[in-house]
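Presented below is the structure to which this report refers.
Naming follows writing order (A, B, C and D), and every chain is counted from residue 1.
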Amino acid sequence: MKIGLIGTGKMGSGMGANILKAGHELTVHDAKKTATDELVNAGAKWANSPKTVAQASEIVVLSLPGPAEVEQVVLGANGVLAGAKPGCMVIDTSTNSPSLVRRLAGAAREKGVALIDAPVSGEMQGARAGTLTFMVGGNKKDFDRSAAVLMSMGKAIVHVGDVGAGDEAKLIHNMIAQINMQAVAEGMALGAKLGMDLKKLNDILSSGGASSRILTQKYPRNGFIGNFEPGFRVDLSFKDLNLASNLGKEVGVPLFFGNLALQRLVELQARGHGAKDTTSCLLPFEEMLNIKIRV
Amino acid sequence: MKIGLIGTGKMGSGMGANILKAGHELTVHDAKKTATDELVNAGAKWANSPKTVAQASEIVVLSLPGPAEVEQVVLGANGVLAGAKPGCMVIDTSTNSPSLVRRLAGAAREKGVALIDAPVSGEMQGARAGTLTFMVGGNKKDFDRSAAVLMSMGKAIVHVGDVGAGDEAKLIHNMIAQINMQAVAEGMALGAKLGMDLKKLNDILSSGGASSRILTQKYPRNGFIGNFEPGFRVDLSFKDLNLASNLGKEVGVPLFFGNLALQRLVELQARGHGAKDTTSCLLPFEEMLNIKIRV
Amino acid sequence: MKIGLIGTGKMGSGMGANILKAGHELTVHDAKKTATDELVNAGAKWANSPKTVAQASEIVVLSLPGPAEVEQVVLGANGVLAGAKPGCMVIDTSTNSPSLVRRLAGAAREKGVALIDAPVSGEMQGARAGTLTFMVGGNKKDFDRSAAVLMSMGKAIVHVGDVGAGDEAKLIHNMIAQINMQAVAEGMALGAKLGMDLKKLNDILSSGGASSRILTQKYPRNGFIGNFEPGFRVDLSFKDLNLASNLGKEVGVPLFFGNLALQRLVELQARGHGAKDTTSCLLPFEEMLNIKIRV
Amino acid sequence: MKIGLIGTGKMGSGMGANILKAGHELTVHDAKKTATDELVNAGAKWANSPKTVAQASEIVVLSLPGPAEVEQVVLGANGVLAGAKPGCMVIDTSTNSPSLVRRLAGAAREKGVALIDAPVSGEMQGARAGTLTFMVGGNKKDFDRSAAVLMSMGKAIVHVGDVGAGDEAKLIHNMIAQINMQAVAEGMALGAKLGMDLKKLNDILSSGGASSRILTQKYPRNGFIGNFEPGFRVDLSFKDLNLASNLGKEVGVPLFFGNLALQRLVELQARGHGAKDTTSCLLPFEEMLNIKIRV
C-alpha cells in the first residue's frame, strides 16, 4: 500500500521503519527535514508538506506532539485534507484531545476522508521493535481497514469505540501511569531520607502489591534510574494530564489524584525540568531533602 | 525448634500451617480461641496467654493487627516479655510503627530477649502458600537466626536494616500500593463515565505503562473485581497509611499523594466501608456518578 | 449617555437599575425577554438582539454567565460587533477568560470599537445597592472613559492593567474565596462531628486569624447559613475556578489548593448540587458524617 | 490572687504583664531564666521549677510551645502536680492535644486539682495589649472560677465545652487560618507571575469575598508583608495542623485542605523555613517562579 507518515520524531521514525519493513511504499514529512533522513535512506520518499504526503497516499499516519500540531497538519492550507483524495484514510497515532479528533473526523468526512484515532502505548523502544499497542477509536469498517498497517507497527490493536475513544483510553492510561510514577517518587524519597538501601527497597516494592510497570521499568532493580534522558518528557506528560483533567471536567468525574499529578508537573516545568524525563519528579525531593535517590 | 505464634487470623493461620509443615513444635494463642482451632487440629498446642506461649518457645512469632495490639501483647502483664526466657527471640510480622518496634526491642533487650520486625508482603494467599516476602529489621546476628523459621513461611527474606527498618519498608510499600489503587479507581471511573468497555480498558491499561500489581490482581482481565470481601481491609490500610504519614512528618518528607490517599481512606470509613476491601474506593464513584465500574 | 445592557440576570438587572437612576438612556436585551421586564418598566427600551442594542448605544455593558455566552454575543451574526459604530465602547462585566477577552478586544479594535473587561466583586446585593467594585482591564484612555458609567453602578473601580487583567484579578479573587469557603466547611464539619456548639465555634473563628469574608457573610454569627439559594452557584464557581486553573497552567504556576477546590466543585456537581449556592460544599460532610452543620 | 505562670515566651510575657497590672501576685518560671527578666523587673517572683511555682499559687497558668512541654511541666518529677495543693487550678493556654489535656486533667483530678484548657487567639500583640480571646474547655464551675484571671489577660472568653474542647476549637481555628494563608499565597503568586501590581491586587482581594484576617493583617494594603520575623512560626503551625489532622482521623472527618496545608508546612520545614513566619509559604513560589511577591 501507499502509506504516508507525518511526524518522524522518536515514535514516528520507529513506526516508519516498520512500515517499510512490511513492504509498503512510504512517503514522509516532518517540520524538521533532517528528522526524516533515516527513513529516506531506508527507502522512503520525502514530501515537502502534509498536503503532498496526502496526495501520494492511501493511508496517512500522523505521529505528532499534540492537539495544536495535529490541527494544523490536518486543517492547514497545506494540510492533509487539502491533498487527500476521497477514500483516503487518516490514522492519528498522536495522543490527542478526544473532542478535537472528533471535530477533525467531521471535517474529513465532508471530503470523503476517514479519520480515526489510534494512540499507542509502548514508548520509543516499542515503536522501534514493532511491539506497540494501538487503542483505536473509529467505526468498525474503518477499524478493520486500519488493521493491516497498524499491525505492521505493533503487536496488538484494541478497538475501543467510536472516534475519540482511542484517545480517551490513552489519556486514562497516561494519567494512571503518571500517578504511579509520583507514588514511587514519594516512596523512594521517604526511603532515601530514612537511610534505606534503595536497591533493597526496590526489591521489596517489586515483589509485592506496590509493583508497577513504572517501578520495574523506570527504576530497574540494579537501582539505576537513568539520566533523565527522555523517555517521556515532562512537557508531554503535562499535555496529556491536562487533556485527561479536561475530560474529567467535561463529563463530571472528580480526579483528585490526576489533578494533583498535573500540578506536580506544572511545578516541575516551573523548576526547569520540562524537557527531562518524568522520572525527574525525584529532583525536587533530592534538592529539598539533600538526599540522593538515584543510585 | 519450639516456635510460638500469637495471632492466628488470616495471615497467622496460614503462617502457622507452614511452620507445622516444616516440622517445628508450635504453641499458639489468639484473643479469640476459636481462631486457633485449625492449627490445633493440625498439631499445635494452645496456650492461654502470650506469656505462656513465650514460656514454651525459643522463637515467638507475632501476627497482629497493629501497634496497639502488639504493644499490649509484648508489654502487658501476661505479655510475651513476662514469660520469655533470656535468649528467646520475638519476630513481629505485623505491620507496625517503626518507633514502637524500636521501643519494644529496647524493653526486650533489657530482659536478654531479641526482638526484630519482619512484616510481610503477599496477603493471605501468600501466607497459605508459603510464598511471603519478609522485610526484616534487626542486627545481622538476629537476622541470621530468624532466617530458618522465616523461610519456612516465605519464599524471600530481605534484610533491610536495623530494628524498625522492616516496618519502614513495609509502610512505604503499602503507601505506594494504595496510591496505585486510587489511580486505577480514578481511571476506571472516568472510563466508565465515558461509556467505555471496561474489559477493553483493562486490557489497554495492563499492556502499557499504567500496569501495576494492583491493576492486574485486583482488577483481573475478566473484569471481575470481586465482592469487596477482603483481601485487605480499608481499616487496615488506613492504619498503615497513617503510620506512613507519621513517618513522613517525623523525618520531614512531604507526601502529597500518600496523604491524599489517607484522607480518601478516612472518607471511605466515614461512608461505612471500613470493613470492606480497599477496592471499595470505587464505591463513592459508583454512587456519585450513578455508574457501574465493577463488571 | 446612551447605554446598552446585554444580560439582565441577577447582576445585570441590579446594574441596569442604577444606570437608569444615574439618568442615562438604557437599551436592554436578554436571551430571556421576561428577564428585562423590571428594567423596561423602569424606563429602559427593549432591543431584540445584541446587534440592535449596539446600534442604539455609545457604551454597551455585558453581564453574562461566561466565556461561551460572551463570545456569541460579541461575535455572533446578530452580535454586538455587527451593530456597533466606530467609537463605541463595550464593557464586559462578566467573569471571563482573559485570553478570550483579549481576542474579542482585537476583533473589536478592527472595527474601531474599544472593548475592556470590568468584572465585579459584590454579588447581587452589591449590584442592587450600587456598591460593586470593578476591576478593569484596558488602556488608560478606555479606563478613563468607562469610569462614569462604572461609578454609576459601583463604589470603586480599580485599573488593574491592560485588557484581560481585570478578569485575571477576578479569577484570583474567586479562587481564594472558594478555598476559604472549603476551609470553613472542613472546620465546621470537624467541629460538628466533635459535638461542638457551632455558634460558639463561629464566634471563635470570627474573632481570630481564621476570620474571613466568607465566614462572616456566609456563616453569620446567628448560625444560620441559609437555604443554599444562591448566592453564588456551584456551576458558576466551577466555571471561574476552571478559568483560574487554566491561567495557572498557561503561565506555569502550580495551584494545589485552587485545583483541589476545583475538583471538590466537580464532585458537588456530580452529586447534584450544581445549581445550589457554594455553601452546599457542607452537604457531602452532612451526608457522610450524619451530622447537621447548618444550625 | 496568687497566680503562677510557667512559660514566658512571646505569649507568656505579654500575659504575665497583664496579670501584674490587674494587681495579682505573680510567680514565674521558664526553662530559660532570662526570659522571665522583664516580668521579674515588673514585680514577679522567680521560682526555679514548675513544682515551686505550683506550691506558691492558687492558679497556675501555662503558656508552652506544645504537648511535649506541657506533659513534662505537669507530670514531671518537679512538675506542677508535684507541688500543687488540693484546690489549686491549672489553666493551660498552650495549643495542646485535646486527648493529652484530658489525660492531664484526669491526673490532676486525682490530686484534687482542676485543670482546664484555655488556648488563645490574638498572637503576641493581643497578649501584650490584653485583647486575647480565650476558648475554654472545662466544666462550668471551673470555667467560672477561671474567668477573672482570664479576663485580666483578654477581652473575651468563650466556654466551648468540657476539658479538651478549647483545644479542639483552637485547632480548627488554626487549620482554617493556615488554609486561608495558603490560598492567599497561591493567588498572590499567580498575580505576580502575571505581572500584576500586587498592591492593586491586594486592594481588590480585600474589598471582596476573598478578604480574610490573614490577607489584611499579614499582607497589609501598603503591600509590605514583613521580613518573615514571626509572627507565627512554621514549626508551630506544623505542630497545630498535625494535631488538627490527628483529630480528623480520630473522629473520622476527611480534611483534604487541612492535610494539604500540613504537607506544605512539611515542605517548608524541609526547605529550611521552619523558624520563619508562616508567610514564608510565599518563598517556594518566589524561588521556583523567579518572581518577587513581597513588595
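The criterion applied here is as follows: contacts are C-beta pairs under 8 Å (C-beta built on N, C-alpha and C of every residue); 3 or more make two chains touch, one makes a residue touch a chain.
These numbers were taken from a predicted model, which means no experiment stands behind them.
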| item | value |
| --- | --- |
| Which of A-B and B-D has more C-beta pairs touching across its chains | A-B |
| Label of the chain whose CA centroid is most distant from the centroid of subunit D | A |
| Distance between chain centroids, defined by C-alpha means - subunit A, subunit B (Å) | 37 |
| Chain centre separation (subunit B, subunit D; CA means) in Å | 39 |
| Subunit C, residues touching no fewer than two other chains | 248, 252-256, 260, 264, 267, 270, 288-289 |
| Chain contact graph, described as a line, ring, star, complete graph or other shape | complete |
| Contact footprint of subunit C on subunit A as seen in their complex | 238, 242, 248-249, 252-256, 259-260, 262-264, 266-267, 269-270 |
| Residues of subunit D that touch subunit C when the two form their complex | 121-123, 133, 135, 156, 158-161, 165, 168-170, 172-177, 179-180, 182-184, 186-187, 189-191, 193-197, 200-201, 203-205, 207-215, 217, 244, 247-248, 251-258, 260-261, 264, 285, 288-289 |
| Residue ranges of subunit D in contact with subunit A within the complex | 256, 267, 270-271, 288-289 |
